[in-house]
Amino acid sequence: MELINVNESISKNADFIEQIGIESGQPVQKCYQCGKCTAGCPVAFEMDYPPHQVIRMVQLGMKDELLKSNTIWICASCSTCSTRCPCKVEIAHVMESLRIMAGRSGTAPVGKAKYVEVMYNALLSTVERYGRTYEVGLVMQNNLKSGKLFNGADMGLPMLQRGKLKLMPSKIQGAAEVARIFAEVRKMEGGVK
Amino acid sequence: MLKRLLEYVGFEPGRFQARWISGSEGAKFTTTIMDMTENIKSLGPNKKMRDDIV
Amino acid sequence: MSIVNETKEFNPIIVGFNCNWCSYAGADLAGVSRMKYPANVRVIRVPCSGRVNPSFVLRAFQKGADGVLVSG
Amino acid sequence: MVAASQHPNIQLMTYSEVTDVSGYIGNFDVTIKQKPRYVDHVKCTGCGTCTEKCPTKVPSEYDLGIGKRKCIYIDFPQAVPSKPVIDAENCRYLKTGKCGICKKICPTGAVDFEQKEEFITEKVGAIVMATGFDLFNWEEAYGEYGYGRFKNVITGLHFERMSNASGQTGGKIIRPSDGKEPKSVVFIKCVGSRDEAKGKEYCSRACCMYTAKHAHQVLDKIEGSSAYIFYMDVRTPGKAYDEFYRRTVEEGAQYIRGRVSKIYESGDKLIVMGTDTLLGKPVTVEADLVVLATAMVPSEGSDIIAQMVGCPTDKDGFYQEAHPKLRPVETMTGGLFLAGACQGPRDIPDTVSQASGAAVKVVALLNNDQMATDPMITQIDEKMCSGCLVCKEVCPYKAISEKTITERIAGQPVERVVANVNTGLCQGCGNCTVACRSGAANLKGFTNQQVLAEVDTLCR
Amino acid sequence: MAKRIGLFVCWCGSNIGGVIDVPKVVEETKNFPGVAYATDYKYMCSEPGQDTIVKAIKEHNLDRVVVASCTPRLHEPTFRKTISKAGLNPYMFEMANIREQCTWVHSDDKEGATQKAIALIKRALAKVSKVEPLFESYIPVTKKALVIGGGIAGMQVAIDIADAGHQVILVEREPTIGGKMAMLDKTFPTLDCSA
Amino acid sequence: MRYAYFPGCSYHGTGKEYESSTHAVAKKIGMELVTIPDWSCCGATASHGKSHLLNIALPARSLAIAEGMGIGEVTTGCAACYQQLAHANIRMTESEEIRDKVNKITGKEYKGTLKVKSLVEAIGIVDPETIKPLIVKPLTGLKVAAYYGCLLVRPPEITGFDDPENPVFMDNMMKLAGAEALDWAHKTECCGASLGVSNLNIAVRMINKILKAAVESGADCMVVACPFCHLNMDYHQKSVNKQLGTTYDMPVFYFTELLGLAMGISPDDLGLKTHFTDTQKVLNQVG
């Protein structure tokens, strides 16, 4: 097991600890590790670090491990943890901020986390192009990128039969406006992919 | 209220502070003094109300 | 009364009105713990921050204080 | 309890409430309301015939609703005084005028439906607040634990009533839903305590120990049982406390470090969803009974008494001591002392020591025929006082009253109201001197002139 | 009558004397209006230190005293007693806190600390020039106590006061005393019965 | 009762029957739903993993358009859209700084005058006396497990209309429709949402837990108020059976569908044919 030098970790990543506090707006230092977040988390079973450990790692400045962890992507943002936290830490917000930071730092998620990221990107890129989600395009792009070519292919036919899939994307009139939103945000934040 | 009065006569608000510091908060006292000193240094000397200048 | 020498580094005079039970004790504690802070604050002990009459504060400014701290 | 009731120097007034307090240290005037008991306790011998025959049954407050009591009742067999009272809210006779069985059968004729509430006034030199605590109302806050909808989720106090031999179950621990003996019991600590979001930020101090005791009782009394305790920290700072806790662990109690996120019913079991933070994994436990260690909060009505006697409270409603370390049993009001959980959560050993501490303070005061007062108090210059009495409003100690003086103006006697400071009540805070517009109020030892001289010198 | 102030500056060993220039401080403050006598001593609160004060009051006919040493929260009562031994009203007294709020916190700025000590002593001198004798008043005490609440705390208080020979009224709103404790089964850590 | 209506991207996709039943029921109870012209995607669960600003700006565009319609309140059937809109609305009303920044990004002026309600709330607050006479075919005897999921009720700072631990709005509506609303364990457990797309093997375990609790409670069917919940509970039920060897056959309805049935709207008009689990046995049961 890896030995962690605590003073080094905290001093090296002081900026990171502060940044997470600012971006998420959450009083991460208040956490006293009761674990209620993990106890109620519906996806904890798939995470490499359970939610309460993620908060602990933020407190200790373990940036590299956090940004590489699959937890921040597996988190379904259901906010069960935030709702029940005795210290009023909205853990789901912290997870979001970590995802955003991971994206910014170019840390590529792997495995299951990768699929989540690919799906998010696929969804957003259809939105950027058409203004709305385009399900067929989304699934196709998702599968191409995630390498799971036939994922959900068995879903397509029954969906189609029930009229639940439109093969062609519907572009809204204001699609350019939506694209502009993406562009502006990129300009402001400098390099959101 | 006093603060508003002071501002009214053109006084920089940083010069007057009211703080709650309990008997167990020595550190808070220290930081309050340090912050205030810095703050007032940047404001410069109090010239507005001094008897000898007015 | 001395006029502040503008060429020297400005060292403000801060007058503190400290409650005997709270912040005066806090200031003592800072001493006991050997903390360090600038020597320009001078404390007047009052029985309670409620004792501080606004006129005291105004008087301090009139007489040349650069800052006043009332703490309870 | 018997010691307190039989002491020749103690006048015991049960079923009574303090309704008014005035005066100051050494000289308080108090009014006490004696609620009607409808039983003459001089005539009553405590034979208990009436409680046997009373036809009305209501849930027992004493047993927290687990059991029932009669309408004319004694709380529990060892109660002091061991004489019954009639609960007017539920008594058939008092509500409808019919029944009166107790009156008919009482061998000494002690039942008296005509009793009215009485007010007694007393003069005392010191007052001790010992109003105790209540349990945090978790049913209102903890939806994830079922809002009290699950019968087999109970509090530690309920558990005490079940394991107490004089309780309704005769000391048998059962599941309230079906009366069966629980084999798997889960304890959850810090319910309401250390929970800023739902309850109180503070630690309730006694729960770690009584939960260890409960776990011990489960393992001791129920054969083949298991006890699981969800905790964040085990706090055992008392003589022989940690040894007790360790013994419970060695007896087989499973301590799991983590909070419980949710409890739900599945069949006749309760599923407890928690975490083992030491393992770093979520866990579930199947339970027959869940016992919550709920937070201690100030007892109901303690705020009313606080207002009556002028006792400051902290942000959680506990009575505020004069100084947490140096004057823990005194208050900022002279002659008013604190004992027990009304000042903050504490266990029995601490309560007893604090109570003795408060007693010494009272005795030290009462040993004197008269007492010196601090001279650094407010002085009113009656000539300057305009009688506006703004000072009276701002005084936190209710030390200022109005007084009528007679002056001679142009040879004519004229009556005029001025402020008057009670030297026993004034604590020398000086709030009045700031409020005083005419400059009549001055604080001896910290006069305006003195402070201004200090200011002048310092700023030079 | 002209005021005759006595000023006593304490070294507190090296606690004060090691940081500020005590003789200089005395020199700078002894000409403050009203000061009739000024001196310094190693430990003002020690018995010889207190004797110095008593002697000086008598010899120099002082009517009020300033001691510059530690926080008044520590030794104000001590010195009040000292000067009343010398026949002064104990309230004709003021302290300047040049330890906790000066030398201890400014040991890295000796010049600043010295200046501050002078200012603080002058403050005390200014205040003491304005003080007047104060007298305690006396109020009678009713020898009876009221205890509100008949739980474990209330019962214990009542018994202890009663044992000391005073009357106690113990008020409980429920029909029985005992409070929460009476509801308990055995009590930790000894598992003895609660009732 | 007039609302600016935000259909959400699944309106003619996977959540088609929600859309049709919503309009059918709204018409019955006299609720006017005016679709926000040229609305755009709210960002769903994807944008908050990308950028805090984008996450507010995407829904802000639709909010700005809706504000221009002069209707004070916005509603949407989709729980995810609801939360995105409500979240953006709160952030933009709370802080002028964020509002100005976001308005600059969208190029549209949103002043922050709107109220955002979920469809559950919008219909839930309708006076029961208005709905009662419309119930012509009460769902007598039908045992319903109302499933709220996450985003309708959490986090309470944003949603706040119903209890996050034991919500009752849908239960009350089902009772109004004559059905029996069951008290069951997992009303607000998360179904996995988009994990159903990206990592189905994770989602099936989450779905399984919820379905199991619903079956244990003795429910004849589940009722939901979110296209994602529906997709996971309904369509992926079969995936759960396949992957975990279970044999669930639990019909899953949108609450608007069951309300519609009770109001006598034909199953075809409600779009009941397009479910993946068989709805026939429930239809038979309620006649």
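Order of writing sets the chain letters: A, B, C, D, E and F. Residues in each chain are counted from 1.
Just so it is clear, a residue touches a chain if its C-beta (ideal position, glycine included) is under 8 Å from a C-beta of that chain, and two chains touch if they have at least 3 such contacts.
Please read these numbers as outputs of a predicted model, since none were measured by experiment.
Listing every chain that touches chain D and chain E alike gives C. Centrality by C-alpha centroid: the chain sitting nearest the overall protein C-alpha mean is D.
The interface with the greater count of contacting C-beta pairs, when C-E is set against A-F, is A-F. One finds 29 Å separating the Cα centroids of chain B and chain E. Chain centres here are Cα means. That of chain D falls 47 Å from that of chain F. Remark: chain C and chain D have CA centroids separated by 41 Å (rounded to whole angstrom). Rounded to a whole number, the gap between the C-alpha centres of chain B and chain C is 9 angstrom. The set of chain E residues touching two or more other chains comprises 105, 119, 123. Each of the following residues of chain B touches two or more other chains: 23, 30.
Multi-chain contact residues of chain F (touching two or more other chains): 164-165. Applying the touch definition to all chain combinations yields A-D, A-F, B-C, C-D, C-E, D-E, D-F. Interface of chain E with chain C (complex): residues 71-73, 97, 99-102, 104-109, 112-113, 115-116, 119-120, 123. Residues of chain D that touch chain C in their complex: 323, 376, 394, 428-431, 433-434, 443, 445-446, 448, 451-452, 454-456, 458-460. Contact residues on chain F toward chain D in their complex (touch as defined above): 163-166, 183, 185-186, 213, 216.
Only residues 144, 190, 194-198, 232, 257-262, 273-277, 280-283 of chain D touch chain A when the two sit together in their complex.
Considering their complex, residues 23, 42-43, 45-46, 73-74, 76-80, 82-83, 90, 92, 96-97, 99-100, 103, 112, 115-121, 123-124, 127, 131-133, 135, 139, 142, 146, 151-152, 155, 158-159, 162-166, 172-175, 177-178, 180-182, 184-185, 188-189, 192 of chain A touch chain F.
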